[in-house]
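Notes follow the structure.
Per-chain numbering from 1; labels A, B and C assigned in written order.
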């Protein structure tokens, strides 16, 4: 059994920036030289989230609209009233989505569907430099 | 340490079909002959999701209603306007929920509560043949 | 490779009680004496959920408000009509959030951000005694 932990560095635009990170994760899984196991992608930070989607401009638009309906940027948040950083909407969206995703791989290949990409969503209200943790665990 | 990866084949009705897959996952964990570890269930596809629920008809109804309120089937989606397949609602619901679930097991027994079942939700707008990946990892 | 499984016992107030469990999980990871791997926290039960947040009173308030908007406590739920326990809202919120979280650790240290805490949310409509499963897996 082996555990390989790497990082992906990203510069995001913030404001619910939805970024396809599939190729970076695929590269890390390939180089890990582990046949079968699970890869966990985790954001160290409380205003980002991970999931999968069919990555195309229409759905990127639709997801941004959905998040704006669920937790509007201009809504009233106690977080904003206390800390004055204006990103209360980003925090609650991120908590709802969750900070990690786990994808099984077999013979070095992640078991994603053909039209299924891994995405990082940066909900924060400003551009951010992010480091995502990518951990490959298996044998 | 061992990794066992199996598949569950399902025929779903689509349209937010909520299916109790606990017995299939339990069977795979039992046969894996691994005492302690984690089982990851993952849908290869971008219109399905995994979670747990007390599986009874009332909550199945309530969940379908909740998803219809969060992302209505008849809403306006750029995905539909571009691809004309009418399942934009299914994609955004699936991304919000996430494609995987991880359940620890001890002495071969998943640590589910008594009234807690593992569910696969097929949000797509048509019946689908699905293969879920079930990966048992531990020692 | 080693797997260590422990439990965290909690007395919650219910009613979307949001509890910071970071120090308990950190303690279990430290004592597991495993360098690198993933810790999975799982609630055995269908009315609780796990995620992360910047744990401060403003966001605790904002999250409770968000969940009340997504699935109101006083809404109409078939679960309540059939079982008369009044916690239909708690079940659907928990299914939406999911019952587990996975956090990678490196050199015994969880890769959380500085302002990112692990939370257990008890959505149930009464105080509960809870046992969370904490499984540390790695080498």
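Quick note on the criterion: a contact is a pair of C-beta atoms (placed from the backbone, for glycine too) under 8 Å apart; a residue touches a chain by one contact, two chains touch by 3 or more.
None of these values were measured; they are calculated from a predicted model.
Student: Subunit A and subunit B are the same sequence; what rotation (0 to 180°, nearest 5) superposes their CA atoms?
Tutor: Superposing subunit A on subunit B takes a rotation of 120 degrees, nearest 5.
Student: Suppose you list every residue number at the subunit A-subunit C interface; are over half of them used by both chains (same) or under half (different)?
Tutor: Different: when the shared numbers are divided by all numbers used, the fraction is under half.
Student: Taking the mean of the C-alpha atoms as each chain's centre, how many Å separate subunit A from subunit C?
Tutor: 19
Student: Could you say which residues in subunit C touch two or more other chains, in rising order?
Tutor: Residues 1, 70, 96, 98, 102, 137 of subunit C each touch two or more of the other chains.
Student: What residues of subunit A sit close enough to touch subunit C in their complex?
Tutor: Per the stated touch rule, the residues are 1-3, 5, 40, 42-46, 70-71, 77-83, 88, 91-92, 94-96, 98-100, 102, 133, 135, 137.
Student: Taking the touch rule as given, give the residues of subunit C at its contact with subunit A in the complex, in rising order.
Tutor: Going through subunit C, the ones touching subunit A are 1, 36-38, 51-54, 56-59, 61-63, 66, 70, 96-98, 101-104, 106, 111-113, 115-116, 119, 137-139.
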